[in-house]
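Presented sequentially are two complexes of chain A, the first with chain B as partner and the second with chain C.
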Partner chain A sequence: MIKSVFGLLALFLGALWMSAATAEVILSDNEIALTLSHGPWPPAFVADPSNRVSGLPAAIKLGKGLFFNPVLSRDGSMSCSDCHDPSHGFADPKARSVGKVILDRNALSLTNVRGHRWFGWAGGNDNLWAQSLVPILNPDEMNHDDESLKTAIAKSTWIQDYEALFGPLSEQAATDVSVNIAKSLAAYQETLETGPTSFDRFRNAMERGDIAAAAHYPLAAQRGLQIFLGRGNCAFCHSGPAFTNREFHDAGVPYFINQTRVDTGRYGGLEALFASPFTLAGSYSDDREKSGAWAVRQVQPLHSDFGTFRVPSLRGTARTAPYMHNGSLADLQAVVDHYNTIDLERLHTDGEAILTPLALSKRESSDLLKFLRTLSDDEG
Partner chain B sequence: MKTLATLLSMLCANLWATTALACQSEAEAKPLISTSPGEVSGVAILEPIPLSQPFGLQLLFCGKDATTIKEIKVGAVMPAHQHGMNYTPVVDALGDGRFAVSGMVFHMPGLWAVQIAATGRAMPMYFTLEVHAR
Partner chain C sequence: MIRSLVATTLIFAGSFAYAQDLPIFDAHMHYSHDAVLQIPPDQIVKILRDAGIKKALVSSSDDDGTQKLKAAAPDIIVPALRPYRQRGETGTWMHDPAIIDYLEERLAKFNYEAIGEFHAFGDDIKTDVVQRMIALARERNLLLHHHGDRQALDLIFASWPEARVLWAHSGFDRPDEVAEALETYPRLWADLAYRSDMSNAQGLAPDWRKTFAAYPDRFMVGTDTFAPERWYYVGPHADYTRRWLSDLPAGIARKIAYENAETMLMTQ
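Our next item is the complex of A and B:
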């Protein structure tokens, strides 16, 4: 009996020693410095100066109510949440979202949107409330116009909340009503934020110099992080605390929608932006200083914009399959495979020279995936 | 008459020396690399560069033709990636060969080459400045 207890104790101590021996931080000083640039997370809330109801509880309540209510579609058949599914990271599990027709793109996740500079895959808007109007007024999606939307709100159960926040509806121009509704939707979406993950605990432990705590981060994820920061070149575009540089790149995904139509990406996004009355430089912005308007004023249309799309954040990404602007990659494994064997013939000949086939081994691909999943384990 | 010319020449030399000295005395200034022949030199005084966020810099030109520079154009490229910035910076002339540049955005980490074209009375002059964004 005693012999068995000693045997078990020895086994237990052996296992403990093994685990201590394997728990370590394998990143170089330079890799640690780069890792620190991906935090802290989440960022502090700063109200959007272009939206006078940003951060107001009454606006968040109204925006949330409208987000889940079909009143925002002209025929009452769909709500925002039909494409931005809360159980799917507020993204669409369908490859190409469906409105009145099958649309051209996959509906992006709405989490962590308050830090963006550009909105939508093509950046057709420079603020969240303007972007929120797009599906409501698109004939292929919710199909309202300003007048029908005003009438729908007047008849809805949300009229009291609306008027408590924005004043008498009947005294407002229909376009102002649309913008007010969009601003309450934006106030709600600003609250959709992913939380700290095991990556953040690793990053924060290293910032504190607490190597013992940092060493709890799995070695496979650390190796994946090394690929992400180094040889994979992922951090060139997926930079900063939100893992996005907020700009537009050609990821080698075909932009033919069918045999006769192409998705022009950022090229068309800039055309929409310059035609929009709802930019941060315009009169619908509540920011007298026009503090965010520098981007729309100074953005430079480039020949290489054609077929480029916004770099999405990687936070919460494991919950939002499928991937890319057209939802053509079914899961994260497919994304890694795409970059592993990327077809350089599909990239702009006069575009940027960044992507090259990664040629990762099976284990390296697996490590990269393990790292990526640690950006989404905040709900685990 | 000769005395007047001498005095004028001394004054010009002194002015030139003063502006040259201004270039050298700027704290934290980085010298611009001139790719044009001439006697104008320049320095850049950089603000901190947050990745993918707008930042600004000041450019100061020195030398006998520095004050004749009326306009500058600024761009930047990543030589390794073959792309430039997505935004056009705004340039304000502050006088005495000094210019404020705002709205620069380095959206990727790595080496950027800032390219400056200065025009004034004579032929355009070109300068570059290498900056690492992290």
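Our next item is the complex of A and C:
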């Protein structure tokens, strides 16, 4: 028995020595510089100036309670967490989420949402609290209106928490109540953040110049990162610490909903945005400076908006299958396969010029997947 | 701010009342193989009629889609022959001699008003395939619907000075550059498909307004249904078109919406 243990130990130490001897950083100086742009992570918390309860513990507590409670659905049948499943990265494992009916899109992950400029697949809102109202008031989802929501909160066990935070409910207009609830939900969602991963440890080690520590990052992931930064051009859209440029693109994914209906994507998102009273430029924002309103004031509709969708963050992405706006790609392998063989016929010749079939070999695809998974190996 | 929001909202809200009946000749449409599989011709025709599209210059990859639409709505569809059997050939067709066989076969079988939309940039025009295609158009006095740069445009007119050319997306050039091309070539017309720069929240862009006033007989509009789903953008695009055209004198708006395309096709 003792002999056997010593044998195993020797084997382990031998493997460790071999690993240390072969470990290296294979990135070029330019690739290292590009890698550094994907951090640091996580970003420091900055309260949302449009939401006066952003960052307040009492608001986070109320928002969390409401998020998991069916009081936000008119018939008490569903809560936010039914589609934004905490065990699934706060995304929906169903391809198309289900409310009162099968909805048009896959519910996006709610992790890392506080850094966004636009919200939802189509960017129909420019702030998190306004986006949080959408499913509550959508007849196909939670089906409340302002009055029914106010009544439901008044009768719920959350009324004391609500009034402690926002004052007497009875003195508030129903729409104000809806917005307050949404702001508490936003305060909670701002806390849903993925943690540092092995990629971040690699990136931070390189920033420190600690190549020995960086070399612990698997070679296969490094090769995948090279594809991501270089030949794959993935980082063109999946840029920055959150791995998203926060804008809208045509990734060559069909957007028919059925034979006579299509998902208009960003086009419809802008329609909703311009019609919304809840933008950062509007009176429901608590930010007197309207500091984030420049985006809604300046954004211009384009013909190319039709059928484009927001670039999702890749942090935590291994936990949030399926992928794309309609959940049409079952797993990360399917996503890589999609870009490997992307149908250029779907794209305008003067549109998404960076997209071209990647034509990765089996090993290259595997390397890219290994890199992507290192964006999700935090504690979750 | 409020003014800006209201103006932007009008892009979506549809046309002004007086412009609602403005007929549109959509000079840039495709009904390609994948669209044929997903949207039946009758549905396409309904989309066109609902949007107030009175005529449509349609080219498809392959041509079968155009013929199906023509059969379904001969009063609307103006057929053009595209030198592609699949849309994916946009960058390779000029090097494929089999394209000529395809064009000759279709030209022998069906009637067309144009050849195009074809993609060709720079010296692409000098290839044997493109030169033969231009010759086929010349033999039949067909319009050329060209997607490409100014250099290619110059080479087309060098190859056939009397050609009638519709410049797709007006080459994505600036208004002053488009104006210069129109000045240089009296038999050049310009489509505005897939361009969003004519109008913004403040209204019609001044440089475009000036160009439309200088060349009121030469511009036309188009949706560019390059993917099947974009057929469902025809209606919103028509509304958008009527909205920005309403910012022009009514006579110029009518020309750009419909009359210029009619005139272009009747020009000998």
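Heads up, the rule we're going with is that the second predicted complex is superposed on the first by the 360 of 380 C-alpha atoms of A that agree within 3 Å, B and C clash if a C-alpha of one lies under 4 Å from a C-alpha of the other, contacts with A are read in each partner's own complex, and residues count from 1 in each chain.
Throughout what follows, a residue touches a chain if its C-beta (ideal position, glycine included) is under 8 Å from a C-beta of that chain, and two chains touch if they have at least 3 such contacts.
Bear in mind the structure is a predicted one, so any value in this text is a computation, not a measurement.
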| item | value |
| --- | --- |
| Which of chain B and chain C A:78 touches, first, second, both or neither | neither |
| Partner chain(s) touched by A:344 [first = chain B, second = chain C, both, neither] | second |
| Partner, of chain C and chain B, that touches more residues belonging to chain A | C |
| First, second, both or neither for A:302, with chain B first and chain C second | both |
| Partner chain in contact with A:256 - chain B first, chain C second, else both or neither | second |
| Touching partner for A:187 - first (chain B), second (chain C), both, neither | neither |
| Touched partner set for A:270, first chain B, second chain C, both or neither | second |
| Touching partner for A:245 - first (chain B), second (chain C), both, neither | first |
| Chain B and chain C footprints on chain A, overlapping residues | 300, 302, 304 |
| Residues of chain A touching chain B in the complex | 37, 235-237, 239-240, 245-248, 294-295, 298-300, 302, 304, 351-354 |
| In the complex with chain A, residue positions of chain C that touch it | 1, 4-5, 8-9, 11-12, 32, 34, 38-39, 43, 86-88, 90-91, 119, 147, 169, 172, 194-196, 200-201, 224, 226-230, 232-233, 236-237 |
| Contacting residues of chain B [partner chain A, same complex] | 51-52, 54, 78, 80-90, 102-103, 107-110, 134 |
| Contact footprint of chain C on chain A as seen in their complex | 254-256, 259-262, 264, 267, 270-271, 274-275, 281, 297, 300-304, 306-307, 344-350 |
